[in-house]
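Submitted below is the structure of interest, expressed as structure tokens.
Labels run A, B, C, D and E following the written order; every chain starts at residue 1.
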Amino acid sequence: MSVDDQPIKKPFRWHILVFLAPAFLVYTAFMIVPLAGTLQLSLFRRIDQQLVYVGLDNFRMLFGDPRWSVNFWNALWNNVWFFIIHMLVQNPIGVLLAALLSSPTLRFRAFYRTAIFVPTVLSFVIVGFVWKLILSPLWGVAPSLLNSVGLRSLFAPWLGKEEYALTALSLISVWQFVGIPMMLIYAALLSIPDEVIEAAEMDGITGISQFWKIKLPLILPSIGIISILTFVGNFNAFDLIYTAQGALAGPNFSTDILGTFLYRAFFGFQLQLGDPNMGAAIATMMFLIILAGVAVYLFAIQTRLRRYQF
Amino acid sequence: MSRAAHSPARSAAAHAVLIAYTAIALFPVLLIVINSLKSRNAIFRSPLALPTPETFDPVGYTTVMAQGDFLLYFQNSLIVTVGSLFFVILFGAMAAFALSEYRFRGNTLTGLYLALGIMIPIRLGTVAILQMMVASGLVNTLTALILVYTAQGLPLCIFILSEFMKTVSDDLKNAGRIDGLSEYRIFFRLVLPLVRPAMATVAVFTMIPIWNDLWFPLILAPSEGTKTVTLGAQIFIGQFVTNWNAVLAALSLAILPVLVLYLIFSRQLIRGITSGAVK
Amino acid sequence: MGSLKIENVKKSFGKVDVLKGIDLEVQDGEFVVFVGPSGCGKSTLLRVIAGLEDATSGKVLIDGVNVVNTPPAKRGIAMVFQTYALYPHLTVRDNMGLGLKQAGTPTAEIDKRIGIASAMLSLEPYLQRRPAELSGGQRQRVAIGRAVVREPKLFLFDEPLSNLDAALRVNTRLEIAQLHRRLKATMIYVTHDQVEAMTLADKIVVLNAGRIEQVGAPMELYNSPANEFVAGFIGSPKMNFVDGARLGDGGAKTVGVRPEHLSVSASSGEWRGTVVHAEHLGADTNLYLDCEKAGLITVRIFGVYNAEPGATIYATPQPGKIFRFDAEGRAIR
Amino acid sequence: MGSLKIENVKKSFGKVDVLKGIDLEVQDGEFVVFVGPSGCGKSTLLRVIAGLEDATSGKVLIDGVNVVNTPPAKRGIAMVFQTYALYPHLTVRDNMGLGLKQAGTPTAEIDKRIGIASAMLSLEPYLQRRPAELSGGQRQRVAIGRAVVREPKLFLFDEPLSNLDAALRVNTRLEIAQLHRRLKATMIYVTHDQVEAMTLADKIVVLNAGRIEQVGAPMELYNSPANEFVAGFIGSPKMNFVDGARLGDGGAKTVGVRPEHLSVSASSGEWRGTVVHAEHLGADTNLYLDCEKAGLITVRIFGVYNAEPGATIYATPQPGKIFRFDAEGRAIR
Amino acid sequence: QDKTLTIESWRNDDLAIWQEKLIPAFEKANPGIKVVFSPSAPTEYNAALNAKLDAGSAGDLITCRPFDASLDLYTKGHLADLSSLPGMENFSDVAKSAWQTDDGKATFCVPMASVIHGFIYNADAFQQLGITPPATEAEFFAALDKIKADGNYIPMAMGTKDLWEAATMGYQNIGPNYWKGEEGRLALIKGEQKLTDPQWVEPYATLAKWKDYLGDGFEAQTYPDSQNLFTLGRAAIYPAGSWEISGFNTQAQFKMGAFPPPVKTAGDTCYISDHTDIAVGLNAKSPNADAAKTFLSWVASPEFATIYANALPGFFSLNNAAVKMEDPLAQEFVSWREKCKPTIRSTYQILSRGTPNLENETWVESANVINGTDTPQVAGEKLQKGLDAWYKPAK
């Protein structure tokens, strides 16, 4: 065997390490380490000021004890509904707006793009305040608007009704965050080469069918991203419900989602003391739910999505 | 593309939809701005009315200006936001490039690891983070915030950018390799400029939660010298009585810098950035 | 159906004037070839006709109707893009079939047409592949196929055969000619290939720097070019241009002789020259001679001709095959 | 510096075998042209040499060193991509200068080289433009320029002139030849243009379906093709193939005659045929004859030859210019 | 070298008072000690404070929530024992009860203030309609009916959206009259009474009747909405806590009066909720413990009590020393201490230690009862069931 025939070891690709290292280090130090430290609390319980290892007891309690499990399932189901509304309303609207905005001949594009994005920039405090103001039966914004179109009878104190509150809040959240899918899809649409679009125009594929047949397949990975980001964002959501409905997510827990449930358990609320161990157990469950979703996406969907290079 | 490519009817419909949605998007915002200029009574008597000479009352703004050092707060917010953004985009793009460009063992797992952070509210790690900052003497410094926000922003940035980097033509990168460019140069000179729209998007997504965050400034840097705008505005939210004039004024003012940043970034949303590259 | 009239079309990109006033009439069913140096505006003109680019001024009439405000989709045109512009997410089959599907053509008919086109372009084995899995020439053929299946009344081809090998190029060229006859469609075809231009065209349009230099039948351009530019552009190798004064031809600023119209002899002839370089192409040979009287000239000889660089050779222009141009480059007849 | 050796290189994309075992040796400073039908694997082979594609098996040695693990950037290669692959965000100047800058070349030197290259490619007016603002041919020239300025020891050109007009093509071809002499660099060049292949190559490599059919000097391939495929591929129009049995040549399965090796006469000759179609190219004429004895054949005649379709014409193969092939297609010598 | 003390607090509202009155007064008396009042938003306070204490970056002085929240900090060692602090003797055992260990042995915060529940009314409206402040329930509802019939005013400004209004301004406001203040509260803790007993369910029944007198869409009415509704003069009666006084004084353009929760029948003993609410303690890890103790002693002094109670009418001093207050409304509230028996909120001590949390449940159920989603009986049963799930009173 000649020297040449020795299997040559691939040189180590240092640049991969260099590219990954800064992000990896900062992220590990300030995110993973603290969070892992917190999540492992779920295996302990504080008994007489001592942290005692209790295995999966906290989880057993979370699922076995109706004092916890009822709230957990309620929050989970509410969260699912919250997510469904975002998927059905926010993302289609976002995609539609992006598609309209990406038309090369559209005028005032920058204005529309900015205007539609403004709500996303607002802090939750403002969003909570203004929507409570608008939807409040007392000050009459929504009632008089509805009145002006003759629909006054449709008005109800939505945020205070168990059956509407969650949907109303989901829609407020949609209002606030439509800018996110819009901008992402817009960026994706911009990267489609003009020539492909021109070819479609020549082929007689215009307007809506152009969107379905040409653009959508080309931005499918971005649609995947907004779906998974919506999923992750929704199952982590907290602030809007918290500012609009308070930590008890009223009325009667009808707007309680995992984030608010976790907050009460972990940090406590009013007279309820924070219980980091149970809180960590809930957080672990949330983490597992989200992880499952993301893993499905990464391994089952993302690997199957075709990407096209331009 | 030519004008003729779009019929007037189609563009009229597009404008109709966009105008309708713009109205929905802006109406509540206008309500805030209008009301931030009115007296408290006027806000709740007739929230829809424009400020009239009788109801016009800049008390919110004067309160904000009188209370604390809001210019300093703005400056702090800007430093923290821009600083974190810089590192998030730089480190995130680098990691995204590594993940999207190279096949190596554990690629997807690394990607998953780097995405874990968005699956747990980082608030939960507060105590550990604060302990670290106490130990390193970074409490009440903007550096502490920048570090945490950088870590916090990375997962999303990597997630989005790696997807967009996959759409950069391999031939283009290969042309760079043939040209003798190092991997670093390929990243900085070829890939980064070509994913500008995506970077702008990520920058905007990253910037907003940082700018609006209340929690970490409260925990890590609550001192007068390091307060951010959002934290500063909290001073008007009392236990029982909230000074809505001041809150609205402070937060309305606080929108402006982010909007300016947004406008700066959205200039990077350019069409046809890769056209003419390959046949 | 399919006549085209272009009236004083101008096009600028910012400060760059690309088309400087194009007037052209194309009869229904005609096969028109655009030739011209790289960057002279051929593709731009096609894009203006297609409606992908707005002319800065001027009119485009299809069948007598001004189409300035007609969107490309409504102009009834098929186009082969110079850059192919294939749909990256569709298979070869779907790339070809999409336009037909959109037009509501029955599936059987679509399949038939794709079958014919892919046979004609030797694309059958690749019908299920996506563009990224094809070679350059295969992609170009898909681009042709996509235009061809639609069978419109007006075709625009932008250098459609540039990446094909000789055999395939001949075949495809013949198929396009056949298609032209079968559909009686109007075809506008951009090419840099002399053979294609000469064999396909009813009419060749010579463009130069955004202007039309001459329009005419192929042999007309070859035999009586309107000016020095056309004379030099049509025919390969290029016509030899010699200073008229140097040859003692007082009436002409420049005298042109095509390489194939020079006879060579080792012993005697009009222009004595030294062989600088010989190119052996198999079927013919190009000799580059440095002549005392005529300067550096090219001679094309049929078949194999052995001449060592440095050898002395005499070249004689064939009588009646000499072109004369005035100071402005216009042909003197 | 610049020799290349390829040993049994195979390449598959999934189930598609594209290169089926390529062995090739290229001497330092040689000019090698790859020709072959569209899709035969030329670009793939270039990409394997450049290191852009990993061979499924086999070795690539540059200057005797196995470069399998050498990244493209370290192989000292310049390449013109078939798809150009220009940097869309950089101006023409920066497209050309980027590699030099990376190598730390002094600015003055970079400017000089860009100046030379852009003059050679007539790109000076476009130096400040971005690729999107260029015509197809201009883009292709930028791609050439980007490779050329780097002056490496090994060049890979993938159909670099396919979108240029005839005059520019001749010029650029000559410039490349000159560059080759000046730099003494090894060049590997893919083309579909017979003239380019014949004039540039020290050695032509004929590829077919992932295999090398023949390697040899241009005239060697023209004069003594190893098999039917090479005979048919080299030379345009294509060689006429006639069934040996039909001609009464018992020893050969197939007999081949090049179109330029057939003499025609209106009155007498070996094969009597009817004119099917005549192509007038100016400098020469292609006649398509339907012969009783030989079937459909092509005849190439120098100059203008007038023959109406339907006329009767006799074609006679020139003595000694007949090629004979056995049942496997191999040439019988 | 000056020592600087930082006070952690949820009382953003008090920033001006501290900066302008309290701190200058203290610093003048104690040169060498600087004090910084560093409040955070009330909703974030507990979580932020816990994190800072755990990590060791909290301020020297900690404003104490009543009962378990502070007790927890003490048991974790975050709050120092202040039992022997000079000045602590100025407070009664009742005043200190909210910041003591269960056995009463250690006190860890210096009491600052309590708040009293009752009703504030629009005196102009009452005069206009010829209503006098009601003393009994019958009178109360008669007044409400009259206001409603008149139609110019919303009878009562209260919403259920924020939940705690319903519980605190509703249930805890009127409840003591039913369960007889401390008597009932302690019996509940001992396990002798149940939340399903009539004295605990009846207040809910009364609350349920309120529904008809609340504003349109009260289900979505937030606490600030209620405040605004009243101060803008659109509502006649406001179920209140005394903390509203200072805010209402500046905002309302009409004369206001107050009356205590009406009793069932004339002549019954009246009970009021006089709830210990704010105290201040010492961070056990404070490097400036001595200075901090100096400060805390000052907080325990009558001087502080006077400044504080007058600066913040409605937050009543817990100091034994009598405090003279200027504000008439505040005087009205505090005068009830004489004629009625005070008690603290029933859920605060001990009973909200477990899961589910009784206080939180009470919020939810109070709102549910007013909204009509739960009947009073069901509410009582739910609460008792939740309590039974973890609370085992020592028998």
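In this section, a contact is a pair of C-beta atoms (placed from the backbone, for glycine too) under 8 Å apart; a residue touches a chain by one contact, two chains touch by 3 or more.
As the structure is a computational prediction, the values presented were derived from the model and not from experiment.
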* Structure fact -> Chain-touch separation of subunit D and subunit E, in steps, is 2
* What chains do subunit A and subunit D have as common neighbours? -> B, C
* **Centroid spacing, where centroids are CA-atom means, of subunit B and subunit C in whole angstrom** => 54
* Asked: With chain centres defined as C-alpha means, what is the inter-centre distance between subunit B and subunit D in Å?
  -> 54
* Between subunit B and subunit A, distance of the C-alpha-averaged centres to the nearest whole Å -> 15
* Using CA atom averages as chain centres, what separation in Å is found between subunit A and subunit E? -> 38
* To do: Mark out which residues of subunit A touch at least two other chains, giving numbers and ranges.
  => 138-139, 193, 195, 198, 201, 206, 308-310
* Asked: Considering subunit E alone, which of its residues make contact with at least two other chains?
  -> 228
* subunit C: which residues touch two or more other chains? -> 51-52, 71-72, 82-83, 136
* Structure fact -> Touching subunit E in the complex, subunit B uses residues 40-41, 44-45, 126-127, 130-131, 133-134, 139, 214-215, 218-219, 222, 234-242, 244
* Structure fact -> Interface with subunit B, subunit E side, in the complex: residues 10-13, 15, 38-42, 44, 48, 51-52, 54-57, 223-224, 227-228, 232, 241, 243-244, 247, 251
* Asked: Which bits of subunit A are touching subunit C when the two form their complex?
  -> 193, 195-196, 198-206, 209, 213-214, 217-218, 306, 308-310
* Over in the complex, which subunit D residues touch subunit C? Could you list them? => 13, 16, 35-39, 42-44, 82-83, 133-138, 141, 158-159, 162-170, 192-195, 198-199, 218-219, 222-223, 232-238, 258-260, 279-284, 300, 302-304
* How about subunit C: which of its residues touch subunit A in the complex? -> 50-52, 71-73, 77-79, 81, 83, 85-90, 98-99, 102-103, 132, 146, 150
